[in-house]
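What follows are several structures.
Across the two complexes that follow, subunit A remains constant while its partner is subunit B and subsequently subunit C.
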Partner chain A sequence: MPADETRLRITDQDGVTRVEFLDRNILDEASIQRIGEEIGEIIDASSEPKLLISFSNVDHMSSAALGTLITIHHKIRNRSGQLRLADIDPQIKEVFSITKLDRIFTIHEDTASALKSFG
Partner chain B sequence: MTASHASPDVQTQPDVVLRLVSDVRYLAGARELVSGVARRMGFSQDSSSHLALAVDEALCNVIRHGYHQEQDKPIWVKIWPLADDGTQGPGVRIVIEDEAEQVDPSVIQGRDLDDIRPGGLGVHIIRQVVDQADYAPRTGRGMSLTLVKRVDGPSALRTRALSNDQERGNSCCGGSGCAPSGDS
Partner chain C sequence: MEHDPEPTSVADSIRITNDRQRIETLWNALESAMRERGYPKASTFAVRLALEEAMTNAFRHGLRDMPPGTPITVEYRIEPRCVCLAVEDPGPGFDPQDVPDPTTDENLVRPGGRGLLLIRAYMTRADFRNQGRRLEMVYEKPTEPPHRVD
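Up next is the complex of A and B:
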């Protein structure tokens, strides 16, 4: 995979940046790092970013990807932004529960309800 | 992935041996194997998924930290059924072995989950979803991780409690979202 090839689909809807993953598996270090950098650039480009990350295409992700999500959460909080996660497979959702990250992230069943929740 | 009967570090032969190279493309196959075997050993769907998750995290750790993303290094996943011994019910023992650099097992630790930062989650996940997880240097070279999980062991009870919580709606995930303390 070329280093500059995006692994994300990014769309803008009513001031909310919606991020979807192109890969079904988010596992390897290079992809995770690239995803973190791309989303970091989106956050840095806005004073109060509103970000919705949809996992609708994702079947599996490693705990390393969770680490990147934590970094994204910190960045958004530091910029007084809002972050929502949606469309998470039940097995992946369970990983959030096991690691207690479901207490940190705002998780919605689907994109529609997540979009409605932005203030 | 190829079948193998090599088992240099244990007294008894495992029922199942999977040899794969350190390429993330094969993780899905390893997960499906472990989950399928666990189901047939009497584990619930949730416990089987958790066991597969533990193996997956362990394999990811070997590939990332042991082999530094090199894709052609060997990893073995060996599975033994555990009989009901009168005090503990039936279960499974899974040993994951590699030929990576040996490390002191005491430095392989998860972290306090209230300390919200990247890293250390994989080991925590593994310890949470199995009854026993022991790292050790292999004879010669490489490391081994022994996972033990009983059908009615402590980790299975945690799984049931978690499932019950989610069924009762105590999970953070809901159609209308939730309001976690750390909303950003």
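Up next is the complex of A and C:
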């Protein structure tokens, strides 16, 4: 896989940028770093970014990926934006619960309810 | 009716570098061995998560001051009732007591430091040896609900 090839599918829906992962496993540190950079560029390109990250294809993710999500959360807050997470497999949702990160992220069951929640 | 004998344990010890393809090959061997011994999906999820976090810690922290390409050692033994893993690096070691609780309000917004919490949450036992260079983990297969007899 070329180093600069995106591992994300990015679509725009009613002013909300929806990010999906092409890989089932978000474990490789170099890939996680690239994902963080790519989403960071999306955030930097908007004054009040509205970002929906869908985990519909994801089976496994590491704590390094959680760290990247926290960095994304900070960046969006700094730009007065909104972040929603959706379509999270129950096993991965448990990881959010164990780490108590479900207290800082707004998590929706599915994309439709997440899209409706943006102000 | 004759039953097939329960598969016995399988074990190996390998030296591995921080190479995603080799890590995937290792995981595929472990996952097949677990499936053959009847471990459910929740178990393979738990063991993969713990192994990935332990290897990441070894590569990122244990080998921080070592030349690139330095290997770590991964040992595994998959038995019908439990999975034993050990991940060891040749680095300077550390005191696990020094790792702060990542779930406090103060630490919750920090990007790192959750690997050990997850390992301890998903493994039945996780013990550091050799001044923190070696992490030994045991995962016990969940007991099946008793069969109903009508």
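Here, the second predicted complex is superposed on the first by the 119 of 119 C-alpha atoms of A that agree within 3 Å, B and C clash if a C-alpha of one lies under 4 Å from a C-alpha of the other, contacts with A are read in each partner's own complex, and residues count from 1 in each chain.
The working rule: a residue touches a chain if its C-beta (ideal position, glycine included) is under 8 Å from a C-beta of that chain, and two chains touch if they have at least 3 such contacts.
All values derive from a computational prediction rather than experimental measurement.
Novice: Based on the superposition on subunit A, does the combination of subunit B and subunit C result in a clash or a fit?
Specialist: Subunit B/subunit C on subunit A - steric clash.
Novice: What's your read, subunit B or subunit C touching more residues of subunit A?
Specialist: It is B that touches the greater number of subunit A residues.
Novice: In the overlay, answer first, second, both or neither for which of subunit B and subunit C A:G81 touches.
Specialist: The first partner, subunit B, only.
Novice: Pick one for A:L8: touches subunit B only (first), subunit C only (second), both, or neither.
Specialist: neither
Novice: Could you tell me if A:Q91 is touching subunit B, subunit C, both of them or neither one (first, second, both, neither)?
Specialist: both
Novice: First (subunit B), second (subunit C), both or neither: which does A:H108 touch?
Specialist: Once the two structures are laid over each other on A, A:H108 reaches subunit B alone.
Novice: Once the complexes are superposed, what residues of subunit A are shared between the subunit B interface and the subunit C interface?
Specialist: 27-30, 60, 62-64, 66-68, 70-71, 73-74, 91, 95, 98-101, 103-104
Novice: Inside the complex, what are the residues of subunit A that reach subunit C?
Specialist: Its residues touching subunit C are 27-30, 59-60, 62-64, 66-68, 70-71, 73-74, 91, 95, 98-101, 103-104.
Novice: Which part of subunit B faces subunit A closely enough to touch in the complex?
Specialist: 24, 27-28, 31, 46, 49-50, 53, 56-57, 60, 64, 69, 113-114, 116-119, 121-122, 124-125, 128-129, 162, 166, 171-184
Novice: Would you tell me which residues of subunit A are touching subunit B in their complex?
Specialist: Those in contact with subunit B are residues 25, 27-30, 60, 62-64, 66-68, 70-71, 73-74, 76-77, 81-84, 88, 91, 93-110, 113-114, 117.
Novice: In their complex, what parts of subunit C are in touch with subunit A?
Specialist: Checking each residue of subunit C against subunit A gives 18, 20, 41-42, 45, 48-49, 52-53, 56, 60, 102-103, 108-112, 114-115, 117-118, 121.
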